[in-house]
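You will see chain A twice below: alongside chain B first, and alongside chain C after that.
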Partner chain A sequence: MKKVYVNEERCLGCHLCEYYCAFANSGEQEMFKAFKLGKNPAPRIQVEDGKGINFAVQCRHCDDPLCMKNCIAGAISKVDGVVKIDPQKCVGCYTCVLSCPYGCIVPGKDGHSATKCELCTANSGTPQCVQNCINGAIVFEDRGEQA
Partner chain B sequence: MKYEYVIIGNSAAAAGCIEGIRETDKKGSIAVISDEKYHIYSRPLISYKLKGDVTEKQMAYRPADFYKANNVDTMLGKRAVSVDSKSKFVKLESGEKIEYEKLLLATGSKPFVPPMEGLDTVKNKFSFMKMDDVKDIEKVVKKGAKVLIVGAGLIGLKAAEALEHYDCDMTVIDLADRILPSILDKKTSEIMQKHIEDHGLKFILGTSTKKFDKNKAVLTNGTEISFDILITAVGVRPNTELAESAGAKVERGILTDKKQACKGVKNIWAAGDCTVSDDITTGTAHIIAIMPNAHEQGLVAGRNMAGSKAVFDHAFPMNAIGFFGLHIITAGAYTGDCYEENDGENVKQLFSKDNKLNGFILMGDKIKRAGIYTALIREQTDLTTVDYQLLCEAPQLAAFAHEKRYEILSKGA
Partner chain C sequence: MPVNYFPAEFEVLRNYDKCIQCRACERQCSNKVHWFDSDFGKMLSHDEKCVDCQRCVSICPTGALKIRPNENAFRKSANYTQPLMTEAYRQAGTGSVLLSSMGTPKDYPVYWDKILLNASQVTNPPIDPLREPMETRVFLGKRPTKMKFDKNGELDLSLEPSLALNVPIMFSAMSYGSISKNAHESLARAAEELGTYYNTGEGGLHKDFYKYGANTIVQVASGRFGVHKDYLNAGAAIEIKMGQGAKPGIGGHLPGEKIKEDVAHTRMIPRGTDAISPAPHHDIYSIEDLRQLIYSVKEATEYKKPVIVKIAAVHNVAAIASGVARSGADIIAIDGFRGGTGAAPTRIRDNVGIPIELALAAVDGRLRHEGIRNEVSIVAAGSIRCSSDAVKAIALGADAVYIATPALLAMGCHLCRSCHTGKCNWGIATQEPELVKRLNPDIAYHRLVNLVTAWNHEIQEIMGGMGINSIEALRGNRLMLRGIGLTEKELQILGILHAGE
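On to the complex of A and B.
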């Protein structure tokens, strides 16, 4: 299946992907509104700025997702290869934040449900981090991984 | 009646077992027996139900078609009273015999209520473990009710948080001198206590109840407290009676091997809060009563019951929980060298020993990306192979060697 992959050799650490990710999941039509009108949505992709390296990290949609197995509410499922959190069932205990080995689950801004990358399946259908990376450091491709 | 697989219990370990069996055996008959009459639900969500955050339907731990989709027969509201491991059957309270080829004991735990003088005179007294407890409390709780909670652990304080939504006047007492002693150290416990007190709760610590008289409690320090509702949340005990009846080895809980097979008997496995695990962070064997553990043990048991090979060999305590908006994530044992950041509300304590991360306490803002730390414990990562200083500053994949990071970013678990 198609997944998001990063290429740290190409990443400049501009954090644009974070803005586009947060915007895509904000429900707003214009980016400035998403960030300047108090909502300040949390991105589900995070750019790490290490010693001389930069790269973006988001959910790996694991074969054996620890977040899903450990979820105390049964709120996380894997549908067609995409690990998803049901906000109606999530109580915001953050056992998934405790469990994800890659630190890819983000506490929700409301203090309740947790959020994560769902490959933009709930909005545009095309991962916006990929679409808007100006350096080609994030790609959406099929590398032969199973759904 | 006869089944290939019989599971006693209907919570996280049972779900894991069913999922583990069905990975390879799509056909073998499965029966789930539980003394609770409900569709599989999440026990820890009872506090969220009492608070009004979730409905009974939203508490489902697995979708409504879970049993059907996995071809599982259920015997809900039926109590198993004994197991005959020689003739391989489970006897129900009704006298029915359910034969099995392979049996999972996922019997969980029950509240421990110590003998307290006059407790029998208290009308509105409850434990806080399961669906019926919350339904019973909902029947009697009124706005502004006076509530006495005995036990300042996870269960007692989650009950308190939920009851705050009824504007209850609450007092929590505990014999221990601090709250949440099972997951917090003294310092973090004090921060959480103050945070909870700011929401109107009163704590009386280092004290226990001497006696009860109807709706009044007398404490060992002489204080008298009147209440409308009493919640006892002193501790839990594993349900081991069925294992004992089967002849399985039981100490503090049911003993199993790494494949979750019971010791001392054949064709019986056990998983969840009724079992003892080998804690990799303390090197000791004890009950680690947490849902992720229960599910994982059930999964491993199910895989082995169906003939696949699987082991559970990385047990350690871990908890993610919040009270009145202050979140904590903890794992492992708090021994070894401590790296600490503490601004009075946002706390990070990382404990390392023999070049391994052994445990941590994260509070407030510091819970972000906690799973990177958890993975260091789970995988027993040699800290000399990572940039530990960078990891102390913030959990990040940049601290890993390029090859390891490439492996992570190009794949996943």
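On to the complex of A and C.
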């Protein structure tokens, strides 16, 4: 299946993917409104900065997701290979946040559910981090990984 | 301490209603213009550090930024302009030669814009390049001047070594050192895909790029950096650089800070040492000396590769080109004074040399007059800005053109003319690993291919309009050109008629 991959040799650490991600999931039409209206939406991709190397990290959509195994509410499921959280079922215990080995699940801004990358399936359908990466460092491609 | 004040050249305007404090501008500015002030809780800027490279404006996700010229001005004078005044202050403070980059911004006449092209009407009808063949393939090198027969009376079909270009456009010399490795890789890959050539400049050829040799022109300049037998044999042609349009009569100087491990290795000089190219080749003081060098490199490459001699367009360029043509060169590249550079003394760049249009017309005319035009191909360089410039150059007598500034633009350059600082925010004219990274060769090479492909389409359209179906038929075809607003003398030098004639 197609997944999001980051080429750390190309990642500039500009953090713009975080902002485009948060905006894409904010439901607002204008980016400045998404951030200026006090909602402060959380990104589901995070750039790790290092000396001379940076890379963006987001959900790997694991074959056997630990977050899904550990979810006490049965809120996490895998739909067509995409690991998703059902906010209606999520109780906000954040066990998934603790169990994700990549640190890719973040507490939502509403304070009672977790959020994560769902490959923009719930908004535009095209991962916005990929679409807006200024150096082509983030790609959305099929590398033969299982769904 | 004396007052040494330079007003900021630019002003950074930030729309605070739109700024979301993502700090991308701050992270991406190598000049450290932007910063986040935690006391005020907002982004602020050091306007005086801005070079107007437009990086921040281009990436700002909310379009909150704008750069404009600073309105704070010294008292106006048409004679002593503000740049002249600040340059005097700068020199009074440093005692140094002023440095500049890229082509001169001064308002010299651009003859391309004073030449109009012809098109067919009724008779000799135009050709539609989408439906009929339109040849843009060009061969550069010596043409046979007479038929030769062997002992058995068979015609000798052998030709002098030449270059075959699918498009009449090549990427001109930019050295590894003055531009980044990623920029070089982009040019090399684009040249390969387009079926044309890029030029190493005088910085040698990085070991990773030998594989693009079939599309590489290797340069030998006065510093002889990175020149060895394998290098000469790696390329498809060898260019001997006698001069550069942006700085005729001047050598080059790549500061030690840019000579990092890889550049040092490629140039075959110690790390951190200044790479100084002398103004002259110390072994060339005459056409005969030039001939010796041409034949030395021909000898080293077993006479398999054409030799280009690149000269700057200067006052008596026609006579010089005539000498060069007789010295054994296969191709002459003429570089006009509006051409770009990675660094040149400002006064030289802005005042020395002549426009390529006049130089090209003079050289082509002189060589034809002397009956030796067939013995060399001519490549025009130095501010070929678009496809119509290229068509006009070919109609004035060029076989092909060299482009560099448009290639840089395709890669992201915004002509801030700060290459000499080595802090290029677009990852082109820099050797800082963090900045070089910003130029993704996968993207840049594709944009270069697009640019030249688009130009080639336009060249075909223009030629088709003239009723011409090959570059061969356009070359030196000055009847296709008319001057507009030019004096009798200018028309005479260009060898064209005025519009209406």
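In this text, the second predicted complex is superposed on the first by the 147 of 147 C-alpha atoms of A that agree within 3 Å, B and C clash if a C-alpha of one lies under 4 Å from a C-alpha of the other, contacts with A are read in each partner's own complex, and residues count from 1 in each chain.
Keep this in mind: a contact is a pair of C-beta atoms (placed from the backbone, for glycine too) under 8 Å apart; a residue touches a chain by one contact, two chains touch by 3 or more.
Here the structure is a predicted model, which means the values were calculated and not measured.
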Putting chain B and chain C onto chain A via the overlay, clash or fit? fit
Looking at the overlay, what does A:13 touch: chain B (first), chain C (second), both, or neither? second
If we overlay the two complexes on their shared chain A, which of chain B and chain C does A:122 touch? Say first, second, both or neither. neither
Please work out whether A:1 is in contact with chain B alone, chain C alone, both, or neither, and reply first, second, both or neither. neither
Is A:97 contacted by the first partner chain B, the second partner chain C, both or neither? first
First (chain B), second (chain C), both or neither touched by A:132: second
Give, as a whole number of angstrom, the minimum Cα separation of chain B and chain C in the superposed three-chain arrangement. 17
Listed in rising order, chain C residues that touch chain A in their complex are 17-24, 27-28, 59, 61-62, 64, 433-434, 437-438, 440, 442-443
With touch defined as at the start, can you tell me which chain B residues reach chain A in the complex? 12, 15-16, 42, 44-45, 48, 53-54, 58-63, 291-292, 295-296, 299, 318-322, 325, 327, 329, 331, 367-372, 374-375, 378, 387, 390, 395-399, 405, 408-413
Which bits of chain A are touching chain C when the two form their complex? 9-10, 12-16, 18-20, 23, 30-32, 34-36, 52, 132, 134-137
Write out the stretch or stretches of chain A touching chain B in their complex. 5-6, 8, 46, 48-51, 53, 55, 57, 60-67, 69-70, 72-74, 88-89, 91-103, 105-107, 111-112, 143, 145
